[in-house]
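Pasting the structures here.
Common to both upcoming complexes is chain A, partnered first by chain B, then by chain C.
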Partner chain A sequence: MASIEEVVPASIIGTSLARVDGPLKVSGGAMYSSDHNFPGMLYAVPVCSTIAKGTITSLDSSAAEAMPGVQAVYHRKNIGQLFRAAPPVGFSGLIDERRPPFEDDVIRYYGQYVAVVVAQTFEQAMAASAAVKVSYAGEKPDVSTTLSSDEKPKVDTTRGDADGAFASAAVKVDETYVTPVETHNPIELHASVAVWDGKGFTLYETSQAVGNHREVMAQMLGVPLENVRVISRFLGSGFGGKLWPWPHCLLAAAASRNLNRPVKLVVSRKMMFQNVGHRPLTQQRIRLGATADGMLTSLQHDSLNHTSILDDYGEGCGEATGYLYSTANLRVTSGLVRRNVGNPTAMRGPGAVPGLYALESAMDELAIKLKMDPVELRLKNEPKLDESLGIPFSSRHLKECLTVGAEKFGWSQRKAGVGAMQRDGLTLGWGVGVCSWIAARIGCEATVELKADGTARVACGTQDIGTGTYTILAQIVAEKAGIPIEKVEVVLGDTKLPAGPISGGSWVTSSVIPAVADATQKAMQTVLMAAVQGKDARFAGKKPEDLVFSGGRVQVKGGSAETSVAYAEVLRAANLGGVSGTGKSEGTFGVPPKVSQHSFGAQFVEVTWQPATARLRVNRVVTVIDAGRVLNTRAGRNQIEGAVMMGVGMAMLEHTTYDQRNGAPINSNLADYVVATHADTPQIDVTFLDYPDLSLNEYGARGIGEIGLAGIAAAITGAVYHATGVRVRELPVRIEDLLGGTARA
Partner chain B sequence: MADEKQKAGSAEDSGGAAGKVTRRSFLSHLGAAGVAATASPLLAAAPAAAAMPEASEAASDAKIVGSVPVSLRVNGKVLKLQVDPRATLLDTLRESAGLTGTKKGCDHGQCGACTVHVNGRRVNSCLSFAVMHEGDEITTIEGIGQPGNLHPMQAAFVEHDGYQCGYCTSGQIMSAVALLKEPCGPTDADVKELMSGNICRCGAYPNIVAAVQQVRLRS
Partner chain C sequence: MDLFQFSRAESVAQAVAAGAESPTAQQGAQVRFVAGGTTLLDLMKLNVERPQRVVDINKLPLDKVERTADGGLKIGALVRNSDLAHNEMVQKDYAVLSQALLSGASAQLRNMATTGGNLLQRTRCVYFRDTAMACNKREAGSGCSAIGGFNRMLAILGTSEQCIATNPSDMNVALTALEATIHIQGAKGERSVPIHDFFVVPGSTPQQENVLEPGDLITYVTLPAPAAGSKSVYLKLRDRASYEFALASAAVVATVEGGRLKRVRIAMGGVGTKPWRMVEAEKALEGHAVNEGTLHKAAEAALRGAKPQSENGYKVELAKRCLMYAVKQATQAV
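What follows is the complex of A and B.
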């Protein structure tokens, strides 16, 4: 009876599968927030401050209001009441810029919203936004890039006597590393389409966390939670910048309520540099002490990052420092420095990415002082357990990442001296860095319905930000129920669905697995009950425990497969449209850990340097990742390659520059803030070690969205040193940095 | 009752308000409620509706102060629209014609997300006004192929995972399809150079190049 199509491979977990949402994405059918249009919809364009510090002395909107199509100009005096969100609890109530827009007349960063124009068309709103006259009493802003903290830095983790051991160390490194402001710049602009229905809101938001977004918006708009629905079906990525709501969301919603019309507000690329967060400037002093044979005796990591005038954002640069290497003496501290900038926010791999640039650069400098191979130095200082917490690692294979990576890269051919390696008239530089990222689960619920038409539907209020979440959920249901993946419909990105995890921290995959698997099992169990109940039941007279659900079919345990019945037929016989199961995962946060859960990896980089033309290229990258089991190798490899590309940008290209006179981000567009393009792509070789980490879920998956960006910048600057003799301690690498190098032509 | 009145009010407004909202653009908000590899009727609805605009309906849209008529030939159909003379081709496609597959990434011609074909050549649709394209043959991603009937380039992007978030994808594919007819050398480096006007912040570049090269080899 079983047709060929119904025969399912033993497992589709861990295979290379095309994404289930691919056909929609390649045909323009995937609906992103700003793609939503409604009858009578209006367009909102904010007015941004042209100073970074001071107060508004007057705001004249009369000319703008008289322009064609303009419906309203809102500012502090007429937008209506907007509240602050209550202090956050866990992963709810989170927003980085806590001040609602227009709360007062004080300007604290360049581009702060001072008014918003709402008009019939986008063009009308744009023109009128330029006609709003705002006068300011401006003061000199502080956007200085040299950081020093007045407050005593916070000690994040400490053990032994870091100062004493450093003082007496045989070999020392004491250097300060700087990472600049980076702007997330997802290609999808932040956007809100707000639809007020007289009582509540439906909000189409560019959100990596619809549940949190709903809570914050309900609080700030002053409406009951149940009167807010947030939808984010497809996200044009976010890289952390779209985790929490930003002030424009409030402007769109308030305008929609005031005018009783749908309102679309799309943030401009320029505003993306001002109003929706950035990775902050970090300044990190690393002190390493070691024995003459390369054993670390002391490690100190003191970091500062800038934050805004009103809000505290700590980058957490020491995130990975406490557990990465074995050393008896260690201290990690951090502090904040206020600047007239918009509030920073998490950007892909917050903390670990800038932190490991500093730490891994220092390790490279130590290896050079020790005249030791940098791979060997890392292997030598591998810890047996997480020394910061005194607990074992759940699954750590960093040594294998290094040895496998070295083998694939051809590291044994390395000649250590500066400029010692040449090929085809180019100087080669080789560098290495290790990476690590936290693994965790956050609470998740999901519903799975097995339907009488032979399909299944899985629903979860999480999001797919481009990482492959639609496909992962389909894979889990297909695997558990034993049905073809084509039969599984996945619904995400809606607060009407069971509460799902935020798309942050690389935690979605590990969090959804237990919930979706559990939901599928429960639905399957209900199918078995339906198979025995009622006189028309296909297995009337049996008990559910006599039956087994396998390969999408129900049969008697130990019975012949020929007597099996497709579950769809079981449901139809019982006149059921479908049966549902709801599953749940518990989060790991707030529970004292018994094991240290982290992913690891090694990055090997080759740069080419042409001294005569000062041409530097990242030519080749070998990355080996230990991130537990990878559920879909096609999407997984893409994640790591994409992170490597972002790492090339971080090391070589990206930095947001503020005008010291007026505090404006002056390269606030994609021609002046340069990100990596097709032409910048090196040869990238990605390997997954694929050791399942069963401490997190039954498949042993940990999550891979962020780890690939850590360590890459240090590997690149290490390679640049090897080629040129110039150690770049302030990113990005600028050609002018290299012109004074020993390898100068 | 108050709610009912407000709803009715807003519906009336829609009639008088926007030359930009049509049955098609209204449909576009229905979007994809779910995702499955096979196109369910719901999934097929949005793009199919968007891809087949009806000229008569567009023309019936209400007035925008200072708007001008323009007749665009998009994906083989004539679209008669009333647009703000300042409206870019990009905003006209997205906000007036309901063709939201073409994306806005920068509005400055710097990212390539808005790439469409005008008379067979790729252009950044954010860099020209709609009224400049009277009579031009415009092709958008919706006109290239749809689920169940994908263009070989679209199918190759799916096969090679030539995207992550999918937002730049329409522009990448429009550039890639145009590239097939452009003078381009055989190597990956040649393709990378000619595709460098299309930024993919997710960094799916190796897979995009693999997809383009596969189609070039087969054609």
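What follows is the complex of A and C.
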């Protein structure tokens, strides 16, 4: 119960707050999807194809079926009918692998599910899955990493005469950059726990978008939408890989329905590399033309990415290219190349992350050709408006990101030559990269209840994927209602709640603010009505408009604070358990934009290079971000720090390799697919410029989940060049690339 | 994983008797001893190891580190990697061993992994660990998928047409440079084997990795007394800063006298099918001053027999640099 003494900070927006869900997580109380267990629950383990292209000629499950604890082995002939999802509309009906599992006997990628074993224990299901005998007519798969477009690439954006201007440019860069397949490796494996109750499903899923998940599953399982409920309370991170449903979700649900028992299916780490998406291989040609004094006259960005045999996944590498720099002549194209791989999917910063690695690498190469400071080159080509759309930016402070970052990093001490900088017997390399990311809102709803016990409850069918959404929602309600954040309960990750945004695109924060703020206002308004309604009301005789709700209390407008009454007391006096309000956010998608809404940033990197041992390490990273107002600086900083660490992995380590002979993603484990460890983590400095972008919401917050990964790889490869003289145009930078690096030490 | 019978050995004799019932102590063993389990359990879950019987040896009295009468060290087979790495005698007299242990795996794994188990650590070759792939080490005669496949991490020394798998251990490299002796209790009694002879190269029988026979239980590892005035170093080169297997590593034990290398022992990891003793390099260095010239000569000699595969040609140059830099460190030239 609220008491008079409680001090409520004037604003908790923009402060540094610990996660409200932190204690639950560190004490093991947070229920992740695979933590859910039910009486009579069975365990499902899929059988994966051991070829990447061909057909199944026979499948013999008799031995597996006879094994201890086995309840069923499902395959094409006995799983029952599964449908494809209808074409998506907006943010509904989205799925990257549209073919339901077992639809036909054709194998199109290595590891494709061909059967699923359901048993009483996980071990029994594992053992039986190895006993299912499958024969194939295999063909040579195509997992080649050299891409040439199957079809004519499409033009994403164009202006002026890019070819002509390039041809006549005084200084040119024409290089091709390659980013490898990267696999999402959150600690939490994908998992589904499906509970069929004879009529409908309750699905505990590792999902970044429960609403979409529900729609897709209802369609594919052939049940009414209202008969599916999807729950995803906590996510052990997703990085985009858990945005849409994957075939294992259907296997768990279908098995549960067929057997009338709850079924748990946890994808293995190996399957993470095969069956649940990846960032595709990209091959990007960048052509830059500039005047001798460094003004861009032409920019061409032609990207290709691989996709699966059946589905089209376009990475969108040129997403930021059209608006990042000023140039009269520009063309951005993209094309798809089919390979025998599982379908790619969004991975943190899809499009811009690989795209800006290429563009910013080319800018670094241009600066070297111009003998110009790479920071200077970027400052010089700053546009006045979004030249791709011909509209102004809502709030763009890239120049300040660069100048503040340069100052913090000590960029003025830079010596330009390769190997020119030394410290403690090591060669230093310095590099810089610009990052940018789209800002937007997705239409959504939220409900806020103010309760008679002085607490509040906010509910929204969005998800917290580890980024701090629980905390942000609590902050908004606490701020609006003027109550301590500890009094706010946040409920997320359930399709029974008001429709929330997908946890993707760094859009959750900007999207939920208007809905939650609106819902809180409405609930507060209802409290005021309750305060005057009836003879025994606390403010009987007054009208709601005579009252004001402030700091969790109700008082007469202009009256003295001593006459104020806690809202809890108002509700109790009216014998109300609580009052609620539902608020709405309007989406920005599909509406012609009047302003160009993007976040910006600059990343500065120092690497150390020891030629004697070919040891290169990322030592120091300074990041300055212009992402609107940061609601919670601790959560915000955490996002950028994590992105920088992931960027070290992207630039130096991560690379999924397909065995060219059989098409298997061959390094499908965490010893052979190495991600950055804490020991690899550089000293990280994060600065937020904190200019509110009021075009998005009343707090001016944009979202910061992805942008921190968008400039880091180019900054690292630039620094690698500066230290070693080796320009790596195919990520990651590997020790074998560097053995030829300069030995000046 | 298959169903298996589990028991605890109360004595060395009991363990040996149980082990002797297996037709082999190598790949395909039907009886396996388990101590830390950090290799065995992984491989059982992957169906690469399918023992019918697993004998827990953790109760056996083999968990001490003691001085030997001749000033050397006797290390029980059950001494955990973390305990051994932090043992004062090891840190003082055999720094290379402590450094090697601490450069391997993660703290959690080192807390479980034992000295005997680490000696028997299996390769990380992806084809060995995947039953869908051909692998002569796992299934004799099935072929080697690593040749012409994903072999960036694999060996360039001691390979054969049948197998190019690397021995992944760091500890074994240090023990090789320290000229350790492996003590084994077998069905026919006790014997001791110099570490150099303990491991065998794959040849045409890659499923055979060492000289252990059915029933053989490693009981101790002994180290000779440290050479007076010697200094030792372990240098591990890898893609990331921790928790990764070596691309190339070097263990060096060196004694410098009058500006010349009086005695040097060098072993390398990440490059061989077994921990690789660099005898030719030692010969090239002993009696000479350590300088770029002698180091280059030693490095050339060390890698002369190297046979790179499709993806690991870089290891030849990397191993040379690793060897040179480690010798420099051990001789305090850097």
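By definition in this document, the second predicted complex is superposed on the first by the 736 of 745 C-alpha atoms of A that agree within 3 Å, B and C clash if a C-alpha of one lies under 4 Å from a C-alpha of the other, contacts with A are read in each partner's own complex, and residues count from 1 in each chain.
Criterion: a contact is a pair of C-beta atoms (placed from the backbone, for glycine too) under 8 Å apart; a residue touches a chain by one contact, two chains touch by 3 or more.
Since we're looking at a predicted model, the values are computed, not measured.
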Partner chain in contact with A:Ala537 - chain B first, chain C second, else both or neither: neither
Contacts of A:Val418 with chain B and chain C, given as first, second, both or neither: neither
Partner chain(s) touched by A:Leu576 [first = chain B, second = chain C, both, neither]: neither
Partner chain(s) touched by A:Ala614 [first = chain B, second = chain C, both, neither]: second
Chain B versus chain C as contact partner of A:Gly22, first or second or both or neither: first
Chain B versus chain C as contact partner of A:Thr677, first or second or both or neither: both
Touching partner for A:Ala127 - first (chain B), second (chain C), both, neither: both
First, second, both or neither for A:Val556, with chain B first and chain C second: neither
First (chain B), second (chain C), both or neither touched by A:Leu653: second
Residues on chain A lying within both footprints (that of chain B and that of chain C): 123, 126-127, 669, 671, 676-679
Residue ranges of chain C in contact with chain A within the complex: 1-3, 45, 47, 124, 126, 129, 131-133, 145, 148-150, 153, 235, 237, 239-245, 247, 313-314, 317-318, 321-322, 324-325
Contacting residues of chain A [partner chain C, same complex]: 50, 123, 126-127, 130, 612-615, 617, 652-653, 657, 659, 661-662, 664, 666-669, 671-672, 674, 676-680, 734-736, 739
Touch list for chain A against partner chain B, complex: 18-32, 34-42, 68-69, 120-124, 126-127, 185-189, 197-199, 233-237, 239, 260-262, 266, 268-269, 455, 457, 465-468, 470, 474, 485-492, 634-635, 637-639, 641-646, 669-671, 675-679, 681, 684
In the complex, chain B residues that touch chain A: 2-3, 6-7, 9-11, 13-15, 17-18, 20-21, 25-26, 28-29, 31-40, 43, 46-47, 50, 64-66, 84, 86-87, 91, 94-95, 98-108, 110-111, 113, 140-142, 144-148, 150, 154-155, 157-159, 161, 163-170, 173, 191-193, 195-196, 198-209
